[in-house]
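Next come two complexes, and both contain chain A; in the first it sits with chain B, in the second with chain C.
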Partner chain A sequence: MSRFHPGWAEAFCIEKLRKKCGVLCWICKEAEMEKKKSRRTVLKSGLAGTIAALAMRPRSTVAHEIKKYPDTLGVLVDMTRCVGCRSCEAACNREQNLPAPDKPFTDQGVFDEREHGQMRRTDETRYTVVNRYDLPGQAHPLFRKVQCNHCQEPACLTSCFVNAYTKTPEGAVIYNPDVCVGCRTCMIACPFYIPAFRYSSAFHARILKCVFCYDTRLKYGQPPACVEACPQEALIFGRRDDLIEIGRRRIKDNKSSYVDHIYGEYEAGGTSWLYLSNVPFERVGFNTAIPDEPILDSVKSFLAIVPMVLTIWPALFAGFHLLATRKEQHRKSSDSNGPEE
Partner chain B sequence: MIAHGKTAFLVFLVTSLMQCVQPVASMDADDAPKSVTLDYLQELYKAVSFDHEIHSGMYGCSSCHHHTAGTGTQNEACKKCHLLSRASADVSCSGCHHFKKPFALPTRDHTEDIYHIDKPGLKGALHLQCLGCHRSDGGPTGCQECHDFTPAGRRRFALKN
Partner chain C sequence: MMETLASENIYLPITGSLKADGTRWSLQERLRLGLTGKEYLALLWRNPVNWLLLIIFSVGLLLLFERYGLGLGSVTHASNDYPWGLFLGFGLFGMVPLSASGFLLGTTVTLFGRKDFLPIERLALLNGLLGYFFAVVYLEVDLGMPWRLAYPMIVSFGPAAVLFLVAWHVATYLSVQIAEVLPALFEWLDRPAWKIHIKRMALGLTIAGIILSTLHQGALGALFTYAPTKLHPLWLSTEFQWIHFLCSAVFGGVAMVIVSSTLINRYIHWRCGQAFIKSLESLTLGLGKGASYAMFTYLVIKLVAIAHDNEWEYLLTGWGLYYFLEVGLGVLLPMVLFARGVHLSAVKPVRIAAFITVAGIIWNRLNTAIYCFNYQIYQELPHWKEVWLTITLYALYFVVYRFIVYRLPIVFDWEEGFSPTKPL
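Let's turn to the complex of A and B:
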């Protein structure tokens, strides 16, 4: 059973409907037992409580099946190695023919930029950014590279109702602008806030994000431009399974240098991009509340009933209406017929 | 005769053991080059002249050459197998850390070698080695302190000429 249920998805959970509870899972006994605490909080404090309760739930240890391509490729990012040179940003800019930046890529001042109090984010002019974290107790600042993590079961893909997204066997999550209608649902669905929207052009609206250099490199078995540019080999490219093995080896051999976790191995059902860090991931801006189950699991039951609701419900309720009003109509007609008899 | 034979055997054993323990055929520091030109990133950067003499004066060979210089090793991971290794025929960085370009689909250099699965390429090895020390021992750490851009490099980094 999925651990991550936004309230609305939970309310329509068809899997639970099939179980013994009978009615909506709001009053499903099984769910009640499991989530007594969170339910009470929900009732007491509404939406804020829901969010808090969801975040507080214990991490599931149950193994789950992830659909994944064999020999899928990925990148391992070792944050202990990154020195913030921004070579990856420069390489990405050229590879993807992005507009020239306002400041050169040698400018380290960009690390202090804040927009709405947030560090730099990927947008239509940059598919990857590096952010600096000055943490107390660390001899050197830490740098975190942000780009699309290329989930194994991408939420953007699931949420897209025109199927603009594709997960390729090589591992890339790519996007077809020709069918995109610009609804931006993928921007909301992405647990990493990666897809960016081209707001600058009203007539050529499209989603922009890292595509793993699929068309120019990955398709041919070559690493993305950022990986090739990295002087420190903080980014290494390879089969995802090999990268996990390498990550584990680094953690095992240098226990004091790494936290015992590969971010992306399980998060959101696993991602093609994986991270190693020497500080707990939440301290360098990672969302550690992301569930291990694919985001898809949280919403698929809801999404599955959308067509049903749209097609069956109108007919069903129209039928109810007819049934309910038939008697009245009958009475009316019999009333009007009455005096004649 | 038997006692004599035993002694002879012991002497043989001890001498052969000593031969193993002694760092044999260690590379002489005088044989080392005074400077090394690093010019494999010519697309974006001008060649870097690495002053080998200064560095070898400040640090032992094994500080950088792991176990290949035949002077023992300081790396805990290398020690497991290479504590007593002799000097390799090729002690240069590129002898082991190959410059990976163009990348092909990732293949392992030594499929039978389970210990060197995570060996950095030449670019990574040099930067990790240089910057690792420069950060901890106060050497220059800025990119342009070692690397001068070529015109292509300036364009890549969006620098106005």
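Let's turn to the complex of A and C:
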């Protein structure tokens, strides 16, 4: 399944979950190292091999190993460039065959919509929304595009008990409606409030969320529809590592116009979609309290006790039973022995 | 109600296999409690509780059709921010801890050999079985694709997800509990010999019950560790959440048995056997004692969690006040009442404490699943239809519970031979 898993190791992989995210479990990691080592020794045995080994520069591949999918793709959103034209919303709507909205995509009035005091969010009719933030002291309003951030270690994926989610090597977090039971744990787990549920249908309920245009575009190496539609080049599509480079360079070159942080580089274990902003992120609706560790990390303390309970409890409680009923057993045996003697 | 019936001499509860004349009760007669169809309907008619149930069901059934015809959104607020509402908040997270009674009393009697709790064991087992069963019923109303309930077992596996563990354990534990309650059914069906197979497995079933309960009660808590940034820190401790849920399930389950036995003893007294009636007070005190110990433990680990996560400052906020209110009214108050009742050997405070405890558990679970969830965003009140449906399902649970307690030897001993069917 995963490119990192040699066949034999997959059967023993103790972190099946992480497999999908591309992180190596220790067995696979060792297997991978083993493979490299043996390859290197063979190559080094000959002169041509030595040259080839040098040319291959194995060290750099080793360095890549600790990363997730190394060539994972992403999008860098530069909020300083976004003008709130909503072209991306329109493009997404078309690409994903979503129902036509009540108000046209040219209507700027949607920016004032509030539900429970909240700005617009993704739901079953829209996989991406742009929200406007009028900040005091800013000459222009700021716009924030919201869609699935395509986490490196997605919480939706790790919380799903029927494995309906997959993190593809390209970076997309995709969803399989054919196995989904509709428990909505993924919506609980997603720290970005992205997955939406089709509450409006009894028979065709499902989760709906941005899939990075995986089936129609990303699979073929093309950028998602929203990126292509952006007239401002506020969205840049590329290798995640390159995007981080670009982001860092922009921050470095324009210290006064950027906050020194790429949102998504580390949040929740890192996301494929990254953001640059000229104001602190919490002021434009980002949750900056999201830890750098993947959401799965906070569940681990429970997962760790499961094997312990399963193995220790039976013996422990059988022992308690023997202790608690010792007198009774003793009495029983002496009773049954009595008449015989 | 029953007193009047008994005095009118039309009620002859079936307490054994045989009628006064030595012939066997037919299955139909057993189902009708030994009454003719007409008498049985009259009995139902005269009970005001049934009228209330009728009102609940008449609206509830329509809502149920609406939910299955038009989707979840037709009966709830269809919130994407609050994916879990009352069906899970109350039905799953509330019902399951109150159903810990089965494994607790099973452990007390079978594993620790406390035979003195035997008269109440079956009630605890039944309470557990029905609670779990109806938690699944609630789940079936809540799931988007209820027809795929068995998918995590047969179609697609996500073994590293906490919910996967919950699904498997609840399913397995349901079968364990069915096996544990079967002896009562076998007696009622005049098949006492079949009990032997269950009896042989009793210890195994009990230990299986402990393992499964420890894990899935804990897992229900651990489900919320998926939302470390959404649930208020005072209601979420990623390290201790599973212990909090497990420990509160211990006193929740015990309190629920006290509540259930109190209600049965009071309103279905005619059905209670001598062993049950005679021992009920001392057993209630015994259970109350256990509950107060568990509550003390719970309070300590709640405190430990706050210290461990260093959340003291939250206690001074409005949320902190609400937290104190929940812990104070839902745990501390009943704990003191339990202790006082046990100390004075008075049943009444213990029973009052049990009612408060049950409410406290539900309060805590609703807080965790709904009220303190998304604490930084907004609080949502459930749709009235959602509330009504939740009550409808609970009414259904009540009806099934009552139906079984009326008939099966749960709180009385089945007489396999001669049965004097005199009115009580």
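The definition used in the following text is that the second predicted complex is superposed on the first by the 234 of 341 C-alpha atoms of A that agree within 3 Å, B and C clash if a C-alpha of one lies under 4 Å from a C-alpha of the other, contacts with A are read in each partner's own complex, and residues count from 1 in each chain.
Keep this in mind: a residue touches a chain if its C-beta (ideal position, glycine included) is under 8 Å from a C-beta of that chain, and two chains touch if they have at least 3 such contacts.
Keep in mind the model is a prediction, meaning the values are calculated, not measured.
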First, second, both or neither for A:179, with chain B first and chain C second: second
Touched partner set for A:81, first chain B, second chain C, both or neither: first
Per-residue touch tally on chain A - higher for chain B or for chain C: C
Touching partner for A:241 - first (chain B), second (chain C), both, neither: neither
Touched partner set for A:282, first chain B, second chain C, both or neither: neither
Chain B versus chain C as contact partner of A:106, first or second or both or neither: first
Which of chain B and chain C A:94 touches, first, second, both or neither: first
Chain B versus chain C as contact partner of A:302, first or second or both or neither: second
First (chain B), second (chain C), both or neither touched by A:314: second
Chain A - residues contacting chain C, complex: 15-17, 116-118, 121-123, 155, 158-164, 179-185, 187-189, 191, 193, 195-202, 205-206, 287, 289-291, 295, 298-299, 301-303, 305-306, 309-310, 313-314, 317-318, 320-321, 324-325, 328
Chain A to chain B touching residues, read off their complex: 73, 81, 83, 85, 90-91, 93-94, 100-101, 103-106, 139-140, 221-223, 228, 230-233, 237-239, 242, 245-246, 249-250, 253
Chain A-facing residues of chain C, complex: 67-73, 76, 78, 80-81, 83-84, 107, 110-113, 143-146, 148-149, 151-152, 155-167, 203, 206-207, 210-211, 214-215, 218-219, 221-230, 238-239, 241-242, 377-378, 380
Residues of chain B defined as touching chain A within the complex: 77, 101-106, 117-118, 120-121, 123-124, 127-128, 131, 135, 141, 143-144, 156-160
